[in-house]
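There are two complexes below, and they share chain A, which is joined by chain B in the first and by chain C in the second.
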Partner chain A sequence: MDRFPKHRVLPYGLIFPSISIIAIFLIYPFGQAIYQSFHRINPVRRQLVNVGWRNYVDMFQSSEYLNSFRNSFIFGVIVIGLGLAISLGIALLTTQRIRGAAIYQIAFIWTYAMSPIIAGVMWSLMFDPSIGLMTHVVGNLTGYWINFFNDTVAAFILVSVASIWVMLGYNITFFVAGLQNVPHELREAASIDGANTWQVFWIITFPMLSPTVVFLLFVNTIYAFFQSFGLIDVITMGGPSRATEFLIYKIYRDGFGRMQEGQAAAQSVVLFIIIAIVGAIQIYTSTRSAVYER
Partner chain B sequence: MHTYRKLMTKIGIHAILIVTLIAVIFPVYYAITMATHTHRDAYAFPPKLIPGKQFFQNVKEAWRRIAMTTLLKNSLIIAITVAFGKIVFSIAAAFAFTHFNFRGNWILFPLTMVTQMMPLPVRVIPLYRMMAQLNWLNSYKALTVPYLASTTGIILFRQFYMTVPVELADAARVDGATPLQYLWKILLPLSWINVAALLVIEFIYMWNEYLWPNIAITSSKMRIAQMGLRMLYTSERGVAEWNIIMAGTLIIMLPPLIVLILFRKQFSEGIAMQTTK
Partner chain C sequence: MKKVLNRTFLLVLVLTLSFASLVNAEVVEVEFWHGFSGARLEVLEKIVADFNALNPKQQIRTMLYGTYEEGLARFLAAHPVKQEPALIGLYEGAMGAIHDSGMIIPAYQIPEKVGVEWDFGQYVRPIVTYYSRDGNLWSWPMASSTAMIYYNADHLREAGLDPDSPPTSWDELHEYGLALIEAGVVKHALAFGWPDWMFENQLALHNLEYCNEGNGREGHPTEVSWPNEFTDKLLTKWGDMAADGVWTYGGVEYDANGAFQSGELTFLMQSTSSLDGILRTVGDDFEVRTTFLPRLSEEYTRGNTLIGGSSLYVSNQATQEELEVIFEFYKYLARPEVDIYWHQNTGYFPSTNAALQRLMDGGWFTESRNHLTAFLQILSGKTDSHAAAGMKLGMFVQAREWNRDAIEKVSRGEDQRKALQYSADQVNKLLAEYNEFIQN
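So, the complex of A and B:
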């Protein structure tokens, strides 16, 4: 560890920039968010008033919040679950011994460069009520001409499709990298021993891939709960009838639109707890000396 | 019989991949064709999927409506500053964590790991307050300084530096090199893949950032690309000028795409190094 033992001050100088940014712009405001979550602003005297757990109690009694919580949760499960499953499927296919495997891997990577706003704009066009191609395809196939922006379920589907799409490139890239670390011989040995493709996947490939899965689970959780903000802001602005008003969008509205900082801070803390749970799992699995030491 | 089945499997795999690829690329293709149409052709029924000839007029129009030059300039400034700053800061921190034994080492690294769970949205309201007090709203400072620490970067470089043989540092020390000379002349040239990978990650991240700029910026001179695109979309969607909207979209998605294409190899290799750990 200590490769330059005589230098006592230098390491502090080296970590100083990062640590000071983290302390001032991450930890301090985060502490303030916790503090604020127990306070409210008195609109008359413009003072902070300690209200104890009231922000939290009110929050969990508000049907608006519970609705937002439920929608976020469903959205998270769909986007993370379906998104990871599709990406893993594609990654598995592009790592088979086929011609042009590398070309496929490159061809899928680019959605990573797309922003949530771009994804929102592009998929709004795809589902546009008058000229959207998807509207026509769905209409012709099912006979139902849906306005994807007015129907709660349809809007939810639209937002989910766009979110899954924009994360594909990133997820596939990590899955491909993870899969390339699974030794081919191991898989072949298993199949010679009589395991079928399905068994080889669940017994050999998937366990060895688990660090990648857990890491992507964390990144995608952050994406579904936070980064999706831009997408929602473009496509639905939380509507129709709050169907896509996810937690982060509600924090934004309550904190900046309605000036209810205390209530918004309490929501931020809950959001942090959700992320912290997933993050703790990730840190635990990534620091635990790997079961499959390579 | 066996080879026949193998062949069919391979054809099946290709078929699935090609169909998925088309589905994934289609929204962009549709956006491109839309950007080349006149307003009338954009509304043709059935939708015209072959490009028209209006592309440059549409780009010019989109450029004018949202003052694209300012947007691109601002976004480039913040994306390059943040990417560069994060690379420098995280190399320095990772170097300290891996090459020195110092008091507080044991707590500081886990601390940086934990801050990964405090993404900006969790602290957005206090941060806004703080920026208002510092008088940093509507400035590059608000869009760059809070982003400069990178847990991703520190972890990326730390993992790589731990794999560098100790003998290398020992030899440099024996030759009388200072730690910073060793970092600059020996370690850094070894870490170009990581630098390029982090550049891609952070440039794209910053270019695409929206929530915080949307809150911290109100002046039109400081507006960034994503905000401009959002404006173009909301203002033109009412009159449904999809051809103009898509022309603007294509311009704004180009810079991160170029960075990704330029450094794609290093990006993939950097990630592969990450996951081998």
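So, the complex of A and C:
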């Protein structure tokens, strides 16, 4: 099969720039990471020492790593599950026929336009143990004074809430777009047949929304495991006592702060494998259950 | 016509390029990486711009590398591939690793390399001691600080306490804190930045070493000295103060400054480099005063507080021309007016004795007595013991992190001995691995 007769070389020439960018910026560094993961680098004299599987073995024996592993997954489940549920709820509300629906939609969506750094500074000031507005509101109402500087649970919740909040706008945008594609007649017909609001949602709206849900699940997984980095760096820097040192942040700390590049490389290889598996499972199972037919 | 234009254009281009390269050949530009963020950045930029204006052929180009930790990691990674700057400012935590790296020219050899003699006696003694190895200065003094107590004098008056006699010991600090809380002046009385550095400072202040091998100054340390009888007492005290609500954990670096500035805390233990920021922010809202760090008990002999901040290192791959520019820059920094400008706008110590004298003669220390506190504290302390000079170790970043981890546990009411022992075990393991690397 010759799709481009007379142009044998041109197609390769055309894809060459993209392929070379991928090779230089993704494949080569990834190969380097795998190579480094079997070495330790003398932090001050820069020699590579081959240590075989020691980085991997040490990793799974280190309570810090296992702790980070567990926390990352709890964080992922909270941010993805709760984040998607809340945004779907808000999207449903703002697509109701109410006055000023567009204003509400915009008001909820704009959080995504904010850089994670600004959002992080905002949240950490709001909950600053001494001068935070919300700290005082919560403290005066409940008598519990939040100090996320040393309270591991408070720090974990704060980072989770802030991460959900930052991603809300993005999720709502896609849910609103998805909801607007659900034919009104179908919902109306169901209501006439006697289905209540809840049944209409589960039987008509949600299945028709499933491609959007699948897409958002994937994007939010990437967000929770990789892109939450900026927020964590601004709010807690992985602390207190490593409670918010999630996998991606630990890689950064180990590689660039603690001068343990080999160990960080091994962790990044493991993280890559985890994400690849999670992503594949998600796409596989959900594309089968998602309804793409109209 | 078009052809002629094209040719003219080409000719102009060639001429410009060759002229530009001719000019460039004479200008030596030295790259200078530093970590001076925030208000300090403007002050540094001004000093560098003034230096560059002096001699158009000797130029310094600054680049902010981010946090101090990142600066060290970047320098170590850039040096083997020859991408490192000729000049870099690094923090005290980098000292052990950078000395061991063999990537720098020790500061004391630089004057010799440019063919002049230079009197290191003109620099303030404790700074030189801190950055010295075997009696020779290894990095150039620039931005030195130490820790001290900042306090809100108005709060003390409100609680019926005498602002002229602030607490001098941890017991007194505890009592003052309880009195302030009881009087309803504040909810918490004390917080500090850099908790790990405060712990290190307490050891040095009581003339106790942090690790073996002469506090890391005679060799590569193999284990830390803590937990010990002293840290038991100190951390128990901190735990008690946390339980009473007197001490609240104030975060890793400068987070607690905000609380102090807005009058939510009476006492703040922080680096002197925050002084000008705090004075400017507080303005006339309340009276800011400063005093020496508290001591635990007089059964321990006196040591000194620790030098922090950053000092300048020169890559051993710098060219002779670059070295000459760097030395000119060093000489420029030592000019009293430059040193004074730096001190008055950042809170860092003046580095030279000449600047110090001029400041004193001009009445600066009576006019702004808060600028004298930390200085007097460090000048009046001991300088002839390894403990007072401060520790040196290669895996400093992690040692600090583990130490901080224990302090956070103490602030949450966990058992101090157990917490510190766990951290010590982790640090000792890291020291062993580091030493293994160094010997290979």
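Throughout what follows, the second predicted complex is superposed on the first by the 256 of 294 C-alpha atoms of A that agree within 3 Å, B and C clash if a C-alpha of one lies under 4 Å from a C-alpha of the other, contacts with A are read in each partner's own complex, and residues count from 1 in each chain.
In this text, a residue touches a chain if its C-beta (ideal position, glycine included) is under 8 Å from a C-beta of that chain, and two chains touch if they have at least 3 such contacts.
Bear in mind the structure is a predicted one, so any value in this text is a computation, not a measurement.
A.B. asks: Once the two complexes are aligned on chain A, which partner has more residues of chain A within touching range, chain B or chain C?
C.D. replies: It is B that touches the greater number of chain A residues.
A.B. asks: After lining up the shared chain so the two structures overlap, which partner does A:130 touch, if you call chain B first and chain C second: first, second, both or neither?
C.D. replies: both
A.B. asks: Contacts for A:112 in the overlay, against chain B (first) and chain C (second): which applies, first, second, both or neither?
C.D. replies: Touch status of A:112: first partner only.
A.B. asks: Quick check for you: in the superposed arrangement, does A:241 touch first (chain B), second (chain C), both or neither?
C.D. replies: second
A.B. asks: Per the contact definition in the header, classify A:149: touching chain B only (first), chain C only (second), both, or neither.
C.D. replies: second
A.B. asks: Between chain B and chain C, whom does A:76 touch in the aligned arrangement: first, second, both, or neither?
C.D. replies: neither
A.B. asks: Now for A:256: first (chain B), second (chain C), both, or neither, which partner does it touch?
C.D. replies: both
A.B. asks: Taking the two structures together, which residues of chain A meet both chain B and chain C?
C.D. replies: 128, 130-131, 256
A.B. asks: Show which residues of chain A lie in contact with chain C when the two form their complex.
C.D. replies: 40, 42-47, 49, 128-131, 145, 147, 149-152, 237, 239-242, 256-259
A.B. asks: Report the residues of chain C in contact with chain A in the complex, numbered from low to high.
C.D. replies: Residues 69-70, 72-73, 76-77, 79-80, 97-98, 100-102, 187-188, 191, 248-252, 255-256, 258-259, 262, 264-265, 394-395, 397-398, 401, 404-405, 408-409, 411-412, 434, 437-438, 440 of chain C touch chain A in their complex.
A.B. asks: Okay, in this complex, where on chain B does chain A touch?
C.D. replies: Touching chain A from chain B are residues 10, 13-14, 16-17, 20-21, 24-28, 30-31, 34, 42-43, 45-47, 88-90, 92-93, 95-102, 105, 108, 111-130, 145-146, 148-150, 154, 166, 169-170, 173, 179-180, 182, 204, 207-208, 210-211, 214-215, 226, 229-230, 233, 237, 240, 242, 245-246, 249, 252-253, 256-257, 259-261, 264, 267-268, 271-272, 274-276.
A.B. asks: Touching residues of chain A toward chain B in the complex: what are they?
C.D. replies: Residue positions touching the partner: 1-5, 7-8, 10-12, 14-15, 17-19, 21-22, 25-30, 32-33, 36, 90, 93-94, 96, 98-99, 104-118, 120-126, 128, 130-131, 133, 136, 165, 168, 173-174, 176-178, 180-181, 211-212, 215, 222, 226, 229-230, 233-234, 248, 251-252, 255-256, 261, 264-265, 268-269, 271-272, 275-276, 279, 283, 294.
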